[in-house]
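What follows is a structure written as structure tokens; I'll ask about it next.
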Amino acid sequence: MVIVMKLDATAEDIGKVEEKLNEYGYQGHLIRGVERIVIGAVGDKNRELVMASLETLAKVEKVVPIVSPYKLVSQEVKKEKTRIDLGDGVVIGGEEIVVMAGPCAVENEQRLCETAEKVAAAGASILRGGAFKPRTSPYSFRGLEEEGLKLMARARARTGLKIVTEVVNPQDVSLVAEYADVLQVGARNMQNFSLLRELGKQERPVLLKRGLSATIEEWLMAAEYIFSEGNYNVILCERGIRTFEHYTRNTLDISAIPLANMHSHLPVIADPSHSSGERRIVPALSRAAIAAGADGLLVEVHPQPEQALCDGPQSLTPGEFNLLMKDLREIARVCGRSMVPAAI
Amino acid sequence: MVIVMKLDATAEDIGKVEEKLNEYGYQGHLIRGVERIVIGAVGDKNRELVMASLETLAKVEKVVPIVSPYKLVSQEVKKEKTRIDLGDGVVIGGEEIVVMAGPCAVENEQRLCETAEKVAAAGASILRGGAFKPRTSPYSFRGLEEEGLKLMARARARTGLKIVTEVVNPQDVSLVAEYADVLQVGARNMQNFSLLRELGKQERPVLLKRGLSATIEEWLMAAEYIFSEGNYNVILCERGIRTFEHYTRNTLDISAIPLANMHSHLPVIADPSHSSGERRIVPALSRAAIAAGADGLLVEVHPQPEQALCDGPQSLTPGEFNLLMKDLREIARVCGRSMVPAAI
Amino acid sequence: MVIVMKLDATAEDIGKVEEKLNEYGYQGHLIRGVERIVIGAVGDKNRELVMASLETLAKVEKVVPIVSPYKLVSQEVKKEKTRIDLGDGVVIGGEEIVVMAGPCAVENEQRLCETAEKVAAAGASILRGGAFKPRTSPYSFRGLEEEGLKLMARARARTGLKIVTEVVNPQDVSLVAEYADVLQVGARNMQNFSLLRELGKQERPVLLKRGLSATIEEWLMAAEYIFSEGNYNVILCERGIRTFEHYTRNTLDISAIPLANMHSHLPVIADPSHSSGERRIVPALSRAAIAAGADGLLVEVHPQPEQALCDGPQSLTPGEFNLLMKDLREIARVCGRSMVPAAI
Amino acid sequence: MVIVMKLDATAEDIGKVEEKLNEYGYQGHLIRGVERIVIGAVGDKNRELVMASLETLAKVEKVVPIVSPYKLVSQEVKKEKTRIDLGDGVVIGGEEIVVMAGPCAVENEQRLCETAEKVAAAGASILRGGAFKPRTSPYSFRGLEEEGLKLMARARARTGLKIVTEVVNPQDVSLVAEYADVLQVGARNMQNFSLLRELGKQERPVLLKRGLSATIEEWLMAAEYIFSEGNYNVILCERGIRTFEHYTRNTLDISAIPLANMHSHLPVIADPSHSSGERRIVPALSRAAIAAGADGLLVEVHPQPEQALCDGPQSLTPGEFNLLMKDLREIARVCGRSMVPAAI
């Protein structure tokens, strides 16, 4: 870190900074600039605490961090992309683009299985579907809970698709892990650290959605939480950030995809449905995400969007999804990637 | 709600909207505008679902909600401000401004008790202090947990201050409720619905911090969650929202105070410490919050900020806090409110 | 527009709203909802003024607009995309993707011509280069002004490329129009209405960058300003919006591309260089923009980025640009578009 | 500035950075950290250019600026607050809080003079009123232009109030300066550098509104533009920034007031009307701004808000304004400031 002193800092003020640095086992290097003195501090213990402590000293203008706070998820630690192997040839972070599709919420067996069959036929490898639904209003449908998980498992048995579903409570982690192939952390829980730690203690891969107002650095720090407990299977999912624009529900931060690829070794996918909230632009965003280097997509598909108990306006019909998959296959190929062929 | 049809909607398209409205028990009223047709829909069941369903129909341009989604916390339901009585004369939402002060994290008994005595002497009524700390980095100090709660209780016994502390996990609610007078929900957990529901099922008052990117409407909806489970003792706390500005850690949304007072009957307080992250502007923000109509404040105070294990740069010293309290007392009086006199 | 009355509005309050509507030549349609009364107002004169006036009346909760405020640029007025023909086969908004490339600022003849030749060889059709530079600091290089325009014209003569350059002052419009094929409005001037009106009074096409905090609606309204003075040749340019994320200079709002295509008939291009400020992600963003449906790109290219007087860190070298163009040609083809072949 | 090298930077990479620094007349100081090498660079010429140039070199991770880019407006250059004396005892930045009030737009002589007399009687010192109005829609009322300026001058003659009015075009500066005591730069023009330079070349004080998405640093840089041309009379005006919150038109950044006071010597005022767009919270925001240390306010007042040609919903009536002024006088006194007594 670099400590910038105020213009009127005296030798005594600087002495106090150096003393404090020594106290924490750091070494200070004084640089006299044209306008002011800065101190380069060398050390690596308790960085956050040391920075905060220095900031409170007299005549310290600011303390500037030099290294990023994440370690294990950083590309500096591991260059090659992490491959998350779900078995049966489904690998996230490999050469193949992996598409996860399905309804926002699991509603009933018939609809779920119908959707599962159709998205499988179009080339999806993973079925998405919410059994535990975090909802802004206490009066909205909150999901079928364990019954929903069972329906997901039945759809898997029938189609061979893997399944991904959200977990919202640390207490439910082991239950959801019994059923799901991938455990999803929703945007509103990205900094639910109790939940992250619980997910770090088990083995199922975790799909970590970026929070609505999380910086990319905070998103990687959330992944670091899971890593720090021992689970190294994390998939990043960009799902839009909150901005002032109101033609879309959120703003898909397309730059987050190449940036995550640049800073981290984790696979990164995009959710064009939640980021836009608008079915009509989901295909354009899906194509853009793959072109930007995403390793996969999470797309909402519902056989009758106008009957959906949740997020109908952003769901594609199976027919629309099938058309989109054809486009994506072309884009993937151009980008040097492949995709599962459609059965139809 | 109002359904706006596209310019080229046909009689058939409109018929389908009316049919769908009837199906949900709503009545439609057709208005032929100069440029397009809009349909006013009258009904009150499953609003969110009905809106989503209509949005997916052909030739529907958009569906505009008319009423706010919160009910129980709304001023339309209850005009007079909710008073939250903690006993021993400490009432939040009454004529008196209530100040909560103390360290970010509980560190050890001696420091905590020293701080408690000093903030009590300056006129604070409630001691704040974190035992369970949500931290962005897995490598930061996470709090003393139950040991911290015990220290808080000891400080209460010694000073007569009430205590407020954060709970981060639904499983810990009953434990924290054994010790604390007020349970705090942090900004990152404002939409941790499992936690909100658990808090709604018990009786302790809840201090609900606004999320970093939560709209005022979502904040009131989070309070509605707690109400909907039966706990009507909720205190709103504005603690800054995330914006592009980087001279402060967050942007204190001062307008949220009069707006919460206008839309809701809940008491509202401000946290000038977390919103700014900068000790030097905490006094100005504190004065502003009271002048804007806040019912109280949550302020970080630490006897030696440069030794603090957490958030030193934003903590006032007891001396600075005492000076601030003198100013606030004057502002409160001018605003027709009172404050506990200082013992010193 | 729809007028929502407060819960406790009386017949008299409603009468006043209806009176005011009649005064402005509007008709009111009363709808009694379950909870409150709303009034649908039919009319089309002075909408903004009428809305503001109604909002100030007693017991009016809010006034909700129904139609978008832009008219001439809306797809409701004209379905087919506007084609902007610059001559010599360069058409923006046609089947062909058009790439504009060049340095941030014009620096000297030799560098400019070298760049021009290289981007032309790689398949660009238009040379970009700033002669008048708006800079955040008064101490930064502000461009060569008219001398810069002359150098641009010379590069055009040598390469056959069309040229686009920024105009920052209403007084300079006619001067810049003498030299440039397309006049650019920078993000900071998107709501410089004096400049927009001046550009509307002349005939050169205008490339209108979206403001850093402009909604898509405001961006279309800025285009409407130019239209309203008689110039119908406007190209929209998404160049990133300001958000809390700081790994990029701005956040490219990729959704703005399909949304502009959905709401307007104007061609829309993207600027991946300014939106990111980071050369390493420019290729990914460029591919994404074309995949999302952009009609073209505006890319910064500089032969020696480390010598650039402006924006070096976001400039591609000619070699990097050439590689990118190869990728784009593939993506364009997959999206049913074409691109000028490279000469090299 | 501090140059942070990548983990794998070689001696040769570092050599190139040092060479480049020398080329620009800077000295480099190498610090070997635990994880990576950083280079402290000492020098003060062409900082922005040097930083950009270094960022493009191989194996440079990032370049971190150490000093703020503004100089003349900084408190490091001048400690005591700038006092702007408009004559007749009206001084902005002195001990007295100065209130500017009046209609959004000048509409006609009778209404303007009625408003002027009433705000003067309530204790305002300066009349505000727009003659040139920047409007989002080309179809909205754009002001009476020079006729409006004449009416403002007449109201000044009648009441003794000073006048402040907006200028939107560099060409109009000298015209507006003939009539106005203070020239206002609107939020949308904060980075209209042609306008800023023109204002820097004349002598009238300038009221500089913060842009909707401008950082405090950019706002101070815009003031620096005016200073750099020779005009040292600049008043900063916080008027709300754009955020995701939609219960208000913009978010008043109350922290900007103490921060501007901390970083700069310029007087700073607040505009509670434009920042909120909502009359009902204007009094609370006004009180908060004074409590936070503002040197004055800019408030919209209209005798019949429902008849206003612009911004009626956010305008106070003269009666409401008079009540607010009584409150403000009390708050000012508590904050050690004074205010002109009311005549009524």
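By letter and in written order, the chains are A, B, C and D; residue numbering begins at 1 in each of them.
One rule holds for everything that comes next: a residue touches a chain if its C-beta (ideal position, glycine included) is under 8 Å from a C-beta of that chain, and two chains touch if they have at least 3 such contacts.
Because the structure is predicted, anything quoted here is derived from the model rather than measured.
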item: Pair sharing more residue contacts (C-beta pairs) when A-B is set against A-D; value: A-B
item: Longest centre-to-centre distance from chain C, chain (CA-based); value: B
item: Chain centre separation in whole Å, for chain D relative to chain A (CA means); value: 39
item: Centroid distance [mean C-alpha coordinates] between chain B and chain A, Å; value: 26
item: Junction residues of chain D - those touching two or more other chains; value: 213, 242-244, 246
item: Of chain B, residues touching chain A in the complex; value: 20, 48-49, 52-57, 69, 134-141, 168-171, 188-189, 191-194, 197, 211-213, 218, 221, 224-225, 228-229, 242, 279, 305-313, 315
item: Residues of chain C defined as touching chain A within the complex; value: 213, 215-217, 241, 243-248, 251-259, 262-263, 275-276, 280-281, 284-285, 287-293, 327, 330-331, 334-335
item: Chain D to chain A touching residues, read off their complex; value: 2, 4, 7, 29, 31-36, 38, 40, 42-44, 64, 66-67, 76, 242-244, 246
